[in-house]
Amino acid sequence: MIRHTLRKQLVNAARTPVITRRYAHAPVALNWEDPLDSASLFTEEEVAIQETANSYCQERMLPRVLDAFRDEHYDRTILEEMGELGLLGATIKGYDCAGVSSVASGLITREVERVDSGYRSGMSVQSSLVMGGIDEFGTREQKDKFLPGMAKGKILGCFGLTEPNHGSDPGSMETTAKPHPSKEGYLSLSGSKTWITNSPIAEVMLVWAKLQSTGKIRGFLIERDQCPPGTLETPPLKNKNGLRASITGMIQLDECPVPEANMFPEVEGLRGPFSCLNSARYGIAWGVMGALEDCIARARTYALERRQFKNNPIAKYQLVQKKLSDAVTDASYGILAATQVGRLKDEGKLAPEMISMIKRQNCDRALINARTLQEIFGGNAVSDEYGIGRHVANLFVTQTYEGQSDIHSLILGRAITGIQAFV
Amino acid sequence: MIRHTLRKQLVNAARTPVITRRYAHAPVALNWEDPLDSASLFTEEEVAIQETANSYCQERMLPRVLDAFRDEHYDRTILEEMGELGLLGATIKGYDCAGVSSVASGLITREVERVDSGYRSGMSVQSSLVMGGIDEFGTREQKDKFLPGMAKGKILGCFGLTEPNHGSDPGSMETTAKPHPSKEGYLSLSGSKTWITNSPIAEVMLVWAKLQSTGKIRGFLIERDQCPPGTLETPPLKNKNGLRASITGMIQLDECPVPEANMFPEVEGLRGPFSCLNSARYGIAWGVMGALEDCIARARTYALERRQFKNNPIAKYQLVQKKLSDAVTDASYGILAATQVGRLKDEGKLAPEMISMIKRQNCDRALINARTLQEIFGGNAVSDEYGIGRHVANLFVTQTYEGQSDIHSLILGRAITGIQAFV
Amino acid sequence: MIRHTLRKQLVNAARTPVITRRYAHAPVALNWEDPLDSASLFTEEEVAIQETANSYCQERMLPRVLDAFRDEHYDRTILEEMGELGLLGATIKGYDCAGVSSVASGLITREVERVDSGYRSGMSVQSSLVMGGIDEFGTREQKDKFLPGMAKGKILGCFGLTEPNHGSDPGSMETTAKPHPSKEGYLSLSGSKTWITNSPIAEVMLVWAKLQSTGKIRGFLIERDQCPPGTLETPPLKNKNGLRASITGMIQLDECPVPEANMFPEVEGLRGPFSCLNSARYGIAWGVMGALEDCIARARTYALERRQFKNNPIAKYQLVQKKLSDAVTDASYGILAATQVGRLKDEGKLAPEMISMIKRQNCDRALINARTLQEIFGGNAVSDEYGIGRHVANLFVTQTYEGQSDIHSLILGRAITGIQAFV
Amino acid sequence: MIRHTLRKQLVNAARTPVITRRYAHAPVALNWEDPLDSASLFTEEEVAIQETANSYCQERMLPRVLDAFRDEHYDRTILEEMGELGLLGATIKGYDCAGVSSVASGLITREVERVDSGYRSGMSVQSSLVMGGIDEFGTREQKDKFLPGMAKGKILGCFGLTEPNHGSDPGSMETTAKPHPSKEGYLSLSGSKTWITNSPIAEVMLVWAKLQSTGKIRGFLIERDQCPPGTLETPPLKNKNGLRASITGMIQLDECPVPEANMFPEVEGLRGPFSCLNSARYGIAWGVMGALEDCIARARTYALERRQFKNNPIAKYQLVQKKLSDAVTDASYGILAATQVGRLKDEGKLAPEMISMIKRQNCDRALINARTLQEIFGGNAVSDEYGIGRHVANLFVTQTYEGQSDIHSLILGRAITGIQAFV
């Protein structure tokens, strides 16, 4: 049915193909919003999906974001709305998911993050980390049980990997799963996870823990409503510097009973969480380009409207134009790279380090350019109403989470040289 | 008496010269907090003043800043406390001011901004922009009336130059002063000023306006309690991205009557406000180094305590050490430059572009390094409790106010080439 | 026949498809030489052409380049050899040219510049600036007369646009063409062109001059062997900092008689030379990526072989790996962007500013990364035998010629904002 | 007598104090050549010494440098001329040396490198590495024998530490000294040193080798004319990318007999060579600022003379002015830092890492700014006659020798964190 909804929109989109039409005529003039005509690389379906996402994000999400960021408030109905549109877990085939291409899912991500990285984070967790993980590693029963509800945004998920003392090095995690002392067929999980997006509001938690019997990391689906009191706490972490429109918290497990049936059947070690993270990182590489594109549009508008010295719009000044040119260039390049990796992903030609490359580069360039564009606003940049300060604050977080920039440079360096340099 | 207080502390300081002692023994080992031994350039009195300021700031200010920034709240008793210590308008001779050197005032600024740029902004406005302006351009009566109370922090001031449509180009201001239609000996001021630190709580406002009869810019001291209802409004500007521990607002004047005796007697044109701004910018060049030094100390502590990969403190990793080395270097260089300009200032050898140079460079380098140091905190940087995110947010504002970085580069460029490139 | 040669090689290549095979197996492991698998975007024919060019360049060109650069010597037989392989004017259809895609021509350029930017410059002038200009703007007779010989490398061309006092602003050129005072059907050209690659050895010069009768810029094909003594001089410019393996000179015209039949028939103004330059710039965007890739390969090899501190290869150090990761990323992104623009070019969807974008970005990133990679060689970098210093010297020139980086940022800025900021 | 010469010049300088006078009048206008008035920190004697050096360098050295760099030729009479002026080993007290302050010696270095880093290298080796080493570690006899002749430039020295396989890590050196098998009172040295400035022309070589009996590194003064044929070779290393106006070579020792009396008496381990290197690095920190200042002057002149677009000097364009402002700022800061370290050196308050800081920072900033300034020359930068390309090539070498930039960042990082990160 979800698939239906998206299909129907595609049909409608075909009748009024806003984005398609925009790029249809011969681009003798540069389109500053897509200077290297990346749209020429997308299928009609992908363009239509982007348009659907764009309309929703601009019309429904954007009006809420300023207050959400100020008040550090996350509106979970957003995920339900996205579910209705078929935007969640969109690359999954079956289970009421849309089954679109990786590029299409990237375009959705780009549109959501064009509004706010926090909203995109909330979606990434649901779609890539949890739904993607269940789809890739879950049993048929786990998929049937969780995926359709998650696709609709009725069941919210979160992903518990990072621990307070183990960020870049999750292999040292301390959370353990051992046979439950009293409940047959149950494991008992204890440990603490932190910086978990959506944890305070999630119904299902994909938690990674070391199975005591083997010492190997395994994945567990913990259902909040099945946890006895005192065995699961998910306190929110407030007063964040960025991503304030998403909700973040801890997962504290104290001998929490989890049915054996809720453990992923086969995947062991870091392969499981890294595979999920790689999907999410692929989405981040797309998303941050959307945030950067919004910064460009905002800075361009400001530069054309703001007048200083002899009533010139400041867009006339060389130092302003250079900032815009640099940013537009990096956005164009980043979109091409993300598109290419998406195609390779769907063709089974993906090397994980490709994602390290585009996650790092796109986050770094989005951040650097957003900061530079913010300078165009001069003293007015201090007001949150121009929106760019919010993007800057968010983009810094995207650079540090799911693999800090330097860590990805060393992952890439290892692939280039054959030598690891982490320690 | 204020002078007394400071003197008394100097005597005490001389008995227990904490900072002096720190640098007394032969520095065979590098002191990472002052790697180029800038302390060797300060007099004993200056060192003692820095110590006084440091103790106050760390013991009294620091505990308040996290909440102040979160809640966007400014505690005006801070200025009273600083007044009691003799830290306000400290370079002014007479009028109960301490009459210390420019370097000493810079050291005070550095200590205040080591805690928070917002607190330093509140002080800069009081000390440099308003008290400095009155001392330099005011009549004897104006000085007698305002300076002693301002020195004690009993009378708060603000500085109204920037207008909504005229930031980098104040010469185009629209606020005017014309003969008051009904009150003899009064002028009538109308216009709007924005991004005015302290305006919502100030008792006296130094406002720059064009005198209708000459078309020339003049300075006016507006006393809030003398303004009839409806002629003066100072609404706060909330939801700032940075400097949230300072209070900012507008000054809206609607035929506000101001006694002719409250006009600065001689200074005309932009020379007046630019002179005040230059003093404030000199303080910023010192202050941001304090903020950067705090970022260094916080990042260093974090890097020594945080362990990743084989239980190594992350301070062991090359990519972390390089960030620290870069930051420490820029802080050391910036302090030397600010010291040199302070000495030249007191010797009457100051060229205004020297201040453009150190304001720009120190703000730029403080910001860039603070951002890079923030990366050391990885995902934890998103928590405001590490303090560095607050500095980063503040330092961006210091780069854009009182002359955005690019504007200062063009001021400097004009001095180098003899050609202006603003338009 | 040339076409034949290339075709034949394609057939051979199909039998032993070296590059194709390299990318054929599923790239689970990252290929550091093509990390985003750009090869997947090329046709089999394009891959075969690259292979042909690669073999020639590595086997025939590379052994000559060190001495050529040291002695500032250009070996014109190189162009003849390239002509034999069908690599000159390769995108032109007919006239014994190969008629390949723009991407294929870009791949040739990349292989040539992987050896040396100077060799690529010599080829660019022949292929893009002169042959491309004749093909686009020449009469049928002009094409018949020049193109086949140029395709074989038997006739060498050069392109005279830049004048001593007019670099970034060619519209102000001073070279003029007026009716010849004595020779019927001839124009008389006078003026001076500088920094003209190949001028001292060229048989035909495409010179742009203002037609006196209209004041409009027109293109002229000047044949050296038809010029009376004293009317044409092409003195070489020696002692260059870079591109020392290419030959550069001036074109000095003193009432040089040129047949009217040698004037391009229709194109007027800067449209003509800019169109030629745009083709050449497209090639530069490809070429510099080849130079950067060679720097990466050289630095990687050095880092794996050089051992310092406990006998570790320096490739193990984080600061070294980061330099490699940055460079590899920029090379990967640049290749994708150049490929995309090539496709758009062939589909008639090219906006000229796309070329400004990729010329600027690829040159800038090639230069920056080459310089950083050079640091890996430590003190040994001073020896020219490591080759990387040569690339660094060359790449600086590519950044400044055919549109200095800043000029292209303003061209792009104009397209983004609709406002020109050149003056 | 040398001392006499310098003194005499000081007296003359006092009569016509060119530099002093330049800075004497109140600098209301910014002096772009010394924007932070560093001259105010120098004594009259220091200013006079700088003036002497400046006159010599500009009048005598500058005319030779273009050909020297082109032909990779070093004119050893330069050292003799400098010796006549008292500029060699200038900080040494006694032995016919001038005995001036560290700042004065830095000012000499700055003037020499304002012409060329290669000339400065030749001088640094003589003054800091060899004469400084003998003065600090030599016996009275060694000093008497070598220093006066070296001060006059009659005896040239070189410094042999770096080996082909041991650059950043000299502690692993392989050169050894063992008892000579046949000559009583002699040691036999064998091993190979590379990248040794002045080695092909030096009369005396300060070579560091491991004493076989202790395994500790010791210093030896090898006199060329005392070495039997076949025991010492000093082949030149040609075809350098930079520092082409200095001469560089190897030192190859094959059982070379060296009298025990030529060994430094006490210093063992890396303390000896590191102390010499630190002196040289201090000089480099000054020197590169001179090179940068020359780049600024050349770029400024070019920007004022070169006209593009509506006949504006390109100095009018914002993107050009920003490059100049950045460079001028870094030069000003760097001079202040070098001055401060010089003062601390003479006061016995030097920490070695201070020199790592200023060597690294000043080299890095000189290089970065020189490269950026070079862009101002556009396509003309390719000509070596503008001189800036030569500085760029030289400055890259200064960044990599005597401690590559990254190595110094780790030395500094170790001092900041207490943890070494070399391996």
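As written, the chain order gives the labels A, B, C and D, with residue 1 at the start of each chain.
Heads up, the rule we're going with is that a residue touches a chain if its C-beta (ideal position, glycine included) is under 8 Å from a C-beta of that chain, and two chains touch if they have at least 3 such contacts.
Molecules present, by chain and UniProt name: A, B, C, D = glutaryl-CoA dehydrogenase (ETF).
This one's a predicted model, so the numbers in the text were calculated from it and none came from an experiment.
Enquirer: More C-beta pairs touching across which pair, B-C or C-D?
Expert: Between the two chain pairs, C-D has more contacting C-beta pairs.
Enquirer: Hey, which chain ends up farthest from chain A, C-alpha centres compared?
Expert: It is D.
Enquirer: Return the distance between the CA-based centres of chain B and chain C, expressed in whole Å.
Expert: Those two chain centres are 53 Å apart.
Enquirer: Roughly how far is chain C from chain D, centre to centre by C-alpha average, rounded to an integer in Å?
Expert: 40
Enquirer: Residues of chain C touching 2+ other chains?
Expert: 317-319, 322, 406, 409
Enquirer: For chain D, which residues count as touching chain A in their complex?
Expert: Contact set of chain D toward chain A: 317-319, 322.
Enquirer: Provide the residue numbers of chain C that touch chain A in the complex, in ascending order.
Expert: Residue positions touching the partner: 26-32, 35-38, 40-41, 300, 303-304, 313, 315-318, 320-322, 324-326, 328-329, 332-334, 336-337, 340-341, 343-344, 347-351, 353-354, 357-358, 360-361, 406, 408-410, 412-419, 421.
Enquirer: Can you list the chain D residues touching chain C in their complex?
Expert: By the definition above, chain D touches chain C via 70, 162, 165-169, 195, 237, 239-243, 248, 307-310, 312, 319, 371, 374-375, 377-385, 389-390, 392-393, 396-397, 399-401, 404-406, 409, 422-423.
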